[in-house]
Amino acid sequence: MTQFVWVAVLLPLLGAIANGWLAFRRPNAKGLVSAIGVGVLLVAFVVAVGVFLEVRHRAEAVTVLLWHWMPVTQRLSIDLAFRVDRLSTVLLLVITGVGGLIHLFSVGYMKSDAGYARYFAYLNLFIACMLILVLGASLPVSFIGWEGVGLCSYLLIGFWFEIDANSDAGKKAFIANRIGDFGVLMAMFLLWTNLGTLDFAEIAQRAPAVIPAGSTLAVGITLLIFLGCTGKSAQIPLFVWLPDAMAGPTPVSALIHAATMVTAGVFLVVRTGVLFALAPVTLEVVALIGALTAFFAATIGLRQYDIKKVLAYSTISQLGYMFLGVGTGAFATGIFHLVTHAFFKALLFLGAGSVIHAMHHAYHHVHAHDDAQDMRNMGGLRAVMPWTFTLMLIATLAIAGVPPFAGFFSKDEILAAAFARGATNPVYLVAWGLGVAAALMTAYYMARLMAMTFLGKFRGGAGAEPHLHEAPWIMTGPLVVLGVLSVIGGAINLPAFLGEGSAEGLDRWLEPVTAPAQALMPALVMPHGGTEVMLLGGAIVVALLGLTLGLRVTMASPIPLPGQAAPEHGLWLLLNRKYYIDELYAAVIIRPVHWLSRRVLWQIIDAFLVDRMAVGGTARIATSLGWLGSRVQNGQIAFYVVMFAAGAVLILRTLLR
Amino acid sequence: MFLGPSLALSAVLFALGVVGVLIQRNAIVVFMCVELMLNAVNLTFVALSQLHGISGQIMVFFVMTVAAAEAAVGLAIILAIFRHTKSVDLTQINLLKG
Amino acid sequence: MNAFLDSIGYGHWILHVLLVIPLLGIPAIFLVPVRNARWVALGVALVELVLGLGLWWAFDPANPGLQFVTDVPWIGGFGIGYRVGIDGISLMMVLLSVVTMPLVVWGSWSAIDQKQRGFYILLLALKTGMLGVFISLDLFLFYMFWELLLIPMYFVIGMWGSSNRLYAATKFVIYTFVGSALMLISIVWMMWTVGKATGEYSFAYTHLLANAKAMQPYGPYLFGAFALAFAVKVPLFPFHTWLPDAHTEAPTAGSVELAAILLKMGTYGFLRFAIPFFPVFALSKTTGNVMAALAVIGIVYAALVAMVQPDLKRLVAYSSVSHLGFVMLGIWGSTVESVQGAMVVMIAHGLSTGALFFMIGMLYERRHTRKIADFGGLARVAPMLATAFAITTFASIGLPGLNGFIGEFLVLIGSFTRYPWLVAVAATAVVFSACYMLWSTQRVFFNRFTNPLNEGIGDLNVRELAVLVPLILGMFWMGLYPGPILRRTEGAVRRYVEMVSPSLPPSDSTRSSFGAQP
Amino acid sequence: MLIDLSTPGGAVLGLLPELALTAWALVILLVIAWRHTTVADTRLVGQLSIVGYVLAAGAAGWLGLQGAHAEGLNLMIALDGFRFVSDILLLWIGAAVTVISLRWLERQGMLAPEYYVLLMLATVGMMLLAGAADMITLFLGLEVMSISVYVLAGYDRSRRASAEAALKYFLIGAFASGFLLYGIALTYGAAGQFIFSLIGGQLAATPPTLMAKLGMGLLLVGFAFKVAAVPFHAWAPDVYEGAPTPVTAFMASGVKAAAFLALARILAEVFPAFVELWRPVVGGLAIATILVGNLTALAQTSLKRMLAYSAIAHAGYLLLAIWAQSDSGTAAVLIYLLAYGLTTVAAFGILASIERTGTETVRLADLEGLYSTRPLAATGLSVCMLSLLGFPGTFGFIGKWLLLSSALSQGEWLLPLVAMIGSGISIGYYLPVVLAMVMKPAPNPTAHDTIRFPRPATVAIACCVFVILVLGFWPNPVLNFASRQAVQLRHTAVVIAPR
């Protein structure tokens, strides 16, 4: 099966082409579109399972060569090859699995959209790109997927392109990603120049011998890679695109901006773990940035009203955890959180989608133009959407870190790892502290979200209320599956003390992948015994505290409608406005660059200096000289004769010199 | 015999002719100055004939013939312009310029 | 395929036939009624395409030297000959020329509605000129073709261009003519210098190249003359200001030919003539740094300027300056990787920028405006056009999997050893190019549908699809499977690099400043 | 064929082309005595005069083919290929100008058939000038040519401009003749000879004396005037503008060609020993002429005046070839003169047809939209402009290349550089002509209705344009021929072109 892993890539690709064709030719053949769109994912998932079953028995990676992509020289010959190992298999499963569920959900969610076929074309294309990303055997091949998912993200964020804001959001996402990609490219150049290879396996093999541990080179390369990760995974300073990305259809947010694409950065760090292991400084940076992002995003999430925005900041925050995890060098913990997060965050988004779907329909019926995503318009949905409520509750508990839900284990492991590193390196202790604070806030804003959405009374207008209803089964079905996974997902990597045989499953599973990097780092002594219990207990307390607080504070006072709320001020305003980061970027970077381009480069340098002065000036000088010449030609014979005589004198002088 | 003085004299005459062309404003006078230049050269030829034989003197005849033809054509041209401008002042003749 | 081509003696006649066929089309156009002129042009173009594509197979990738060489005396006693032949580098340029030709005719099908006869005649003449430039192995012949090209292009811009066409056409011709004036002196000087040194007075490329040593004392001046001519054509910053005007004002066919082929003549000239003749000076530390720096300035500068253009064509024109900067950087990178990359960028830019100009032309034909502000939300009324434009946009900004990436990647990675910091600056173009292309695409095809005039513009018709689909397929092909192209150019590129590399100054070791040795 | 010039028969044979033309001119004068009033008369005389050119050209061609030469050096007129080629070139120019004038005179109402006789006599003068091997012949040829052209310039007596042109040309021309003559006198004084080759031998034998230097300098001044080199050029634009257009064509091509041919001969045969002395002078003149000519042309709006400045610029290029002073340089002079002559005649021919009766001059704006009404004329003039510009594919380019090549072969780079800069400037005024004709719309639908292209002129112009194009791609025949003739110019043969 491993040899046929390309089928998993090819099918979604063909699906994308087929659906794309249908989008032009038969935009209303929705049955066919869904069959293709979901069908290819199903087959891909089967392939993924098949691969998984094989890889289970095999520690070493297998490279599947498709064709020679860039056979330039002996030194630079890049093959289009896939690397099937335990890491890619995990992601293969997550992507096709969660992806399949989201496809299914979309069938219901997008049912009435005019761009149905186009939507599935993009979605299939995304899956193909994402699979290329995780399967790529070398940096350039992964880079195809890396940029490809960015493209799909761009297309899907701007799916409803006729609204300017959506297109803007898509563009913003792509450009922020591209800033990161610059880092990845530069990292590739440095790697190739120094190692003569871009193949992941060969990098891992050669790097320790060539790049001295802790050297500027190692730090440089890894920081550049990490720059790419901050773009793709929405970390400080490039996180600004992700909240805006919520402009896309909600299943897209679930798939791309929660479960899969945004976690690609984490994946990449793990893939190039050896390099990071050689650069302890970078690891510190990664951890700190991760923790800071987790903290700051969480603070912003506290004060958002758009249900998807809350989830978006939550995603940024959770991604921060993942980086904190990989930043400690415990790569498996990062992947662990990646997987569980995929489950519960997809669930949350799809749940939110279901809510928005319901709200939208209700509003549509009464021809209201209120914001279907604003939580202040919701409330009391528990009654009409019991399934959604239950499942989202599970996800909330999971993300808040309440045992025994999936998030508890993964988040705890990250914090434990950070704490453990903190014993020798205070930076990690700071990170740990930020992480704990973020956990508290996570629980708080999730409780707030749940309370505002599902509890209390419906605030969206009496007219709309009767039209609210639970989503169809095609949508809740996937939710149920994800709900189950969110509950039991933690089981793939239970902490050691819970049992010998089944514990640390993912850690051991990924060992062949992470071992070379781990060997280069000081061993991570995870807290055990009393400390471990204390940490676990603390985490539980934090989670419960946060949830309670969130519930209490939210329910304490009536929630004003969007238009009627008193203006925010002070810290709340700051949080609500996301620290004015967008405004800051606009003022510090975007507008100056525009000004520079328009005024200085174009109008002054290009149009004036080069074109008018240098080019036009030469022409003008010539013309003026010509004019002067024709003035001299004054028509007076006397003057002509004088010129003649002067010329004669000049010639004779020259000769007699 | 008198080679040096003759050459010097012809040079002076030639220079006078040139200066005349340069400073005179009347077309006919200018033309006369040109004739003076030609005749100065004739003097040179004749003077040089002492040194190099008869050929210089032969040249003088050709020059005189040519000068005569030139005079005929030249005066006709001056007449033609006079018909248009009613003047032979060269400063007035500057229709063509630029 | 090869056996068949051999059996018809393909290699012996193909280059001459390619040169002559367009010229034969000219009287044919005169003979048919005006409305059929385009059919003749199309016929000629297709014949040219079919014949030219044979080169793909007939060309021997294993042979790095010149192939299909012909050497016939032309202006006897003066060392001028009809000397033609191609290697891998020119092969790709020739193929690009023949491939674009039917597309250009197709693309002009309805856009050119007056003086059709003249238009198609000029297109055919243009094609002969282009092919001549790329296959000439005699510097005199090369110069003739080089200059002759200006005339058809001048008329194409000046007669069928848009409002400011006269200015643009004049600027184009004067810029390029003045730029290449000194090249003629250089060429003749080389002939005499080498002639005096060897006793054989000839303009033959191979002869001059083999005895290039004799010219080294004058290297800086001669190279300067060549470089000026080529830099204007490329165009290298700061010699680029003719390009936005020419591109913008030209009719679609003109813009496409300019972008796809004419600009490449400059970079081709550097690869074929300027550097191989004077490698010691051209690749010296100072010259190299200056040229690479200009290339990189061009890349970033043009991208930034493109961002704020209100006119679609102008925007794409500046993007051309940016892309050609990559080619220049790759050439001065002087590694097999970077030069291969330069080759790929040349071809890729031909496809994607060509396609962009075609599509802008299609928009112009429908709406008679190129102002970005006049559009918006077109994806709803013209989804196919929007899709094609988006794909091309992404090809142009170097999305991996499409053609643009391969070239830029190879250029940057290959030049990194020599110019690490410049490459770092150049690589920022991935951001800027995304900015300008996506922003413009968004404002044209996405966003709110604001202008009711755009309502009835209609989507692509079959003819337009026939123009765009081959280009788009080509973009994917080059992006995913560039191996066949790379294999064909590799021999020539490798030979080129081996030829010039002894002249390279020792690299100021990147590795020491960036870490350890492998 | 060996010709003994000391016998009367030999002399007649040696001078056969000139004599044939002169005799024919006299015959025509007789015809005019009876027929000089009507349009038909003028036309008849014009047609008859063409026979004269054909006869003379036939004679020159015959002599050339026979390889006519003389023994000994005591010649007054050269008997070599160079002269016969020059003769044919000049006769061809004369004939072409005659053809162009045929209907033009009628349209302008200049019904005086003596015009053609003057053209013939001027051509005789030019032939003598170009073929002179002796100072006396040189002077006579020069004056025969000049006096005829003075008259021709003022031939349109009804126009003040024409009269003014004649006066300017005449006064400055006579002034320049004085210098030239003084130069001859001093050279004679220094060498005691009139015959070129003897003077050359004499001057080579002794170190340069003051008198010889002065003589050469004054000769150069005289020729600089004739070829309109800066700063002796000031007459040219005014005269070219004022003279009747066909006469302008004749002056720009014929007179200039004859002067250059004579200059080439004098410098090659009389002053080869002074090469280091005159080179800076000629080089300096060339630079000044190229720059001033090209730059001033930029400022012109009248087409004729623009072409006049362009003619000055081209004189500068030709001086470059004179500077190079080798066989390839002389060959370049020949080729360039041929190319320039063809182009100028064609360009002025077209211009003459475009001219409207009564208007002073053709302006650039008058050409707008010509392509839409007169595509062939516009195309022809475009080709001429490109040829003058030295654009590849035209004969003008071949000429330009040879000029550069001849200078570069001497290791000189400054002059070619200036020439190319000049060429770069010149695109600034040649191109607008093409632009106006082809790309601008006609100001009104009837703008070009007055244009008449009489058939003879059309045929002559078309031939010129065709030849310009053909020779632009296949110059071999003329190149080889010119190289061979250039070798004959001097007695010391040097390798002319790389083989």
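As written, the chains take the letters A, B, C and D, and residue 1 is the first residue of each chain.
Here, a contact is a pair of C-beta atoms (placed from the backbone, for glycine too) under 8 Å apart; a residue touches a chain by one contact, two chains touch by 3 or more.
Predicted model only: the values in this text are computed from it and were never measured.
Measuring from the average of all protein CA coordinates, the nearest chain centre is that of C. Relative to chain D, the chain whose mean Cα position lies farthest away is A. Centre-to-centre, using mean CA coordinates, chain A is 97 Å away from chain B.
Averaging C-alpha coordinates per chain places the centre of chain A 79 Å away from that of chain D. Between the Cα centres of chain B and chain D there is a gap of 26 Å. Per-chain Cα centroids separate chain C from chain D by 44 Å.
Looking at chain A, residues 619, 630, 633, 635, 637, 641 sit in touch with two or more other chains.
Within chain B, residues 18, 21, 30, 90, 93, 95-98 each touch two or more of the remaining chains. Residue positions of chain C with contacts to 2 or more other chains are 174. Remark: the chains found to touch one another pair up as A-B, A-C, A-D, B-D, C-D. Across the complex, chain B meets chain D through its residues 7, 14, 17-18, 21, 27, 30-31, 34, 37-38, 40-41, 44-45, 48, 51-53, 55-56, 58-59, 62-63, 66, 69-70, 73-74, 76-78, 80-81, 83-85, 90, 93, 95-98. If you check the complex, the residues on chain C that touch chain A are 171, 174-175, 238, 240-242, 301, 304-305, 307-309, 336-337, 340, 377, 379-380, 383-384, 387, 390, 394, 399-401, 405-406, 409-410, 412-414, 416-417, 420, 423-424, 427-428, 430-431, 434-435, 438-439, 442, 445-449, 480-483, 486-487, 490, 510-511, 514-518. Note for the complex: chain D touches chain A at residues 167-168, 171-172, 175-176, 179, 210, 213-214, 216-218, 220-221, 224-225, 230-232, 234-235, 237-238, 277-278, 280-281, 284-285, 292, 295-300, 425, 428. The residues of chain D lying in touch with chain B in their complex are 135-136, 139-140, 143, 147, 150-151, 154, 157, 160-161, 163-168, 170-171, 174-175, 177-178, 181-182, 184-186, 188-189, 192-194, 237-239, 241-242, 299-300, 305. Residues of chain D that touch chain C in their complex: 386, 391-393, 397, 401, 404-405, 408-409, 411, 413, 416-417, 420-421, 423-424, 427-428, 431-432, 435, 438-440, 475-476, 479-480, 483, 497-499.
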